[in-house]
Amino acid sequence: MLTKDQIAQRIAKEVKNGQYINLGIGIPTLVANYIPDQLEVVLQSENGLLGIGPFPTEEEIDPDLINAGKQTVTMAKGSALFNSAESFAMIRGGHVHLTILGAMEVSENGDISNWKIPGKMVKGMGGAMDLVASADNIIVAMQHCSRSGESKLLAECSLPITGIRCVKKIVTDLAVLEISPSGGFILRERAPGVSIEEIKSKTAGKMIIEGEIPEMIFE
Amino acid sequence: MINKTVKNAREAVADIPSNCMLMMGGFGLTGIPENCISALLERDISGLTIVSNNAGVDDFGIGLLLKKRMVKKMISSYVGENAEFERQLLSGELEVDLIPQGTLAERVRAGGAGIPAFFTPAGVGTEVAEGKESREFDGKMYLLESWLKADFSIVKAWKGDTAGNLIFKGTARNFNPIMATAGKICIAEVEELVPAGDLNPNEIHTPGIYVQRIFQGENYEKRIEQRTVSQ
Amino acid sequence: MLTKDQIAQRIAKEVKNGQYINLGIGIPTLVANYIPDQLEVVLQSENGLLGIGPFPTEEEIDPDLINAGKQTVTMAKGSALFNSAESFAMIRGGHVHLTILGAMEVSENGDISNWKIPGKMVKGMGGAMDLVASADNIIVAMQHCSRSGESKLLAECSLPITGIRCVKKIVTDLAVLEISPSGGFILRERAPGVSIEEIKSKTAGKMIIEGEIPEMIFE
Amino acid sequence: MINKTVKNAREAVADIPSNCMLMMGGFGLTGIPENCISALLERDISGLTIVSNNAGVDDFGIGLLLKKRMVKKMISSYVGENAEFERQLLSGELEVDLIPQGTLAERVRAGGAGIPAFFTPAGVGTEVAEGKESREFDGKMYLLESWLKADFSIVKAWKGDTAGNLIFKGTARNFNPIMATAGKICIAEVEELVPAGDLNPNEIHTPGIYVQRIFQGENYEKRIEQRTVSQ
């Protein structure tokens, strides 16, 4: 089973040179730590910054400079600042290539639920609905099962939907899976020491297994 | 140039009535109009509808207006981080309209730009789509969303001039420039107010045409929600 | 009969303190010369400038600073620059209070034609259709009759329309007229020495004459 | 930061094919991409559709492309000032789509912003409305207009950095920033190209995300159409 950091590390391998990327809160934020230095990529923060730098030192902290998770940040060289309408214009317009975000559930046709649990306090969708409706490539980072042990990879989402037919790939603590254009979770990689049977038993939606399924390799 | 200067926050918000619609700039606690919020707290008004991406925290920002029961309804994209908010919502004292953040931003921009409605992909297939017209363009589905306008918009900028031109700093820009365009009366509080002509026309984020009242604020606390430092 | 400069001078009296104003090409441009110094107003140029200053001296000329008529200009103190989408956002959004423009024809219900003559080369409407569809107050500056002597104030426009029911007031070389909300040109003022009969005979649309019609006064 | 630098105009426009759709920034002759226009003139391509507010003059700007018969269609708001243009139009060699300037600007902005259609009041009751859906909002009529996108957009800025961030000067900004957002490939020529990090992030008009190629242009003529001086 992968740690959160290992999930982030595996997702970082999906990043391509020259990409503009939006990282959601939680595990996705950790992805930034594992993007190889030789790749030139730019991180977008939907509150109005292209080019998120590292977290600041105590001396660098500026309350006027935060990311979408409200954390204090710095700006990378070559950054640009803009307003919220411009920010979502670049998201909706497809200029942000890759969105990495967390989920409560993903369905076998790529629907995602991550904003609302009926009966619990609703905090709102923030920018998630815009992000999943817009980017060409959407990767979900999440645990394979909920805390109570229920599969989060389902035939259909049971929770209110955030976006339909949008997720392309899922990296969990157990596996890397792709959404088949015709529906179904295509198993691509296993976490070290995790068997196909275990993944199968913990995937409630349709799983597609073709050929050898390699174990992930971490340097 | 037209002089938009008012004395202070108290004068700027003096005529905001009960039951009106306000827009307030800011994302989280960054770029919020701290001085105007304080001045509103001294006013005896209620029933406000506030359009703001977030709703502050219990003891800061819009959270203070909530605590004083001045707010009837919030139109926001994300409203966590606030226990009093949750209490009022669950007890039915407070209404909330949750809107995808990009749709919220674009609806506000449309309000200022004279665009009564537009199509956007956000929310297709979700409960956000309920009751809304949808249409396919180039093989993809979109929802029709309408403009948002307010009686007053209250924004916070870094620098401003007496003609109402504004410059923001860092990510404190966020919703402020678009909200400035969508209020019948826009009130701007700035950290530094300079005479018209002192700002470079090429560096202005909000042209003065959108701003009706401007003043230099004081004692900015600029509270940080998630103080995160590198190791 | 008024000269072009007198038409501009008369229109300048319509300008109110604190207004943002868009001046069209031709006579409307001349209005700027007659706005009283004590009024604080801002002139908008739809190519991206709020705060048009006087024409430049030879030394001040900057090819990167022109008005919508492509003339070199300067910037007034407190100016702001912006792009074309932002410019028309402020026009359409009703932030520009007053638009003054020329016309080929105006109808008695406030329709205006000023962009196209069938059979002649069509140059385009530029920003005129946006301007007339947006501003609360639209004043037309034009000659009362065409060069061939035909009235330009008609029951209905004969030329292709630029905008419907938008013109509020017309200042011609002969008269000042307002559009009645129920239709018709309400005669408000006569040019010095011009009779009501002459104006009537040169107005093809319905003219409304109520009470005394004063002569305009020029200082 | 991603480095978007190309050597020169020739390299920047080398793969623009015949019969594609181009957007070109500029208002009149102000802020037009002079270097890219010169480089296009050396290419053996034709059948271009060009979206540009104006069409240059006979011997400058887009007028040069027209003279060489490279243009099939212009999408513009105002196209006077050009005898060769008029000749080609009357002879049927050239097509022209005339669009209200604000609608043109908003359609281009919509193309870059993922908004497939929006309502605008411009053109209601005119021939611009023919064949278009109209609808009433708050007692006023509006037309539905669709986004405009292009295969390439070519813009001219004052300063730029290697990451593609752009700053414009004066009214040479005009259509450039919005067109930069609406081309699949955006080519930016700048008067001064600096390393990423040299521009103030707060002063950038076009964030580099929209720009795929950038180079420092040379020998700008910046011709003036109406040289007007005060007496």
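In order of appearance the chains are A, B, C and D, and numbering begins at 1 in each one.
Going forward, contacts are C-beta pairs under 8 Å (C-beta built on N, C-alpha and C of every residue); 3 or more make two chains touch, one makes a residue touch a chain.
Remember, it's a predicted structure, so these values are computed and weren't measured experimentally.
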| item | value |
| --- | --- |
| Pair with more cross-chain C-beta pairs in contact, given B-C and A-B | A-B |
| Per Cα centroids, the chain farthest from chain A | C |
| Separation of mean Cα positions, chain D and chain A [Å, integer] | 36 |
| Computed distance of Cα centres, chain D from chain C, in Å | 29 |
| For chain C, residues that touch 2 or more chains besides their own | 49, 81-82, 88-89, 91-92, 134 |
| For chain D, residues that touch 2 or more chains besides their own | 106, 109, 113-115, 120-121, 168-170, 202 |
| Contacting chain pairs - touch in the sense defined above | A-B, A-D, B-C, B-D, C-D |
| Complex contact set, residues of chain D against chain A | 1-3, 109, 111-115, 161-163, 165, 181, 196-197, 199, 201-202, 204, 207-210 |
| Interfacial residue positions of chain C with respect to chain D in the complex | 45-49, 54-58, 61-73, 81-85, 87-89, 91-92, 111, 121-130, 133-134, 160-165 |
| Parts of chain A lying in touch with chain D, wherever the complex brings them together | 17-18, 20, 40-42, 44, 49-51, 75-82, 86, 88-96, 134 |
| Residues of chain D that touch chain C when the two form their complex | 27-31, 53, 76-80, 86, 89-90, 96, 98, 100-106, 108-109, 120-128, 158, 168-178, 205, 222-230 |
| Chain B partner contacts - residues on chain D that touch it in the complex | 106, 110, 113-121, 135, 137-138, 140, 142, 146, 167-170, 202-203 |
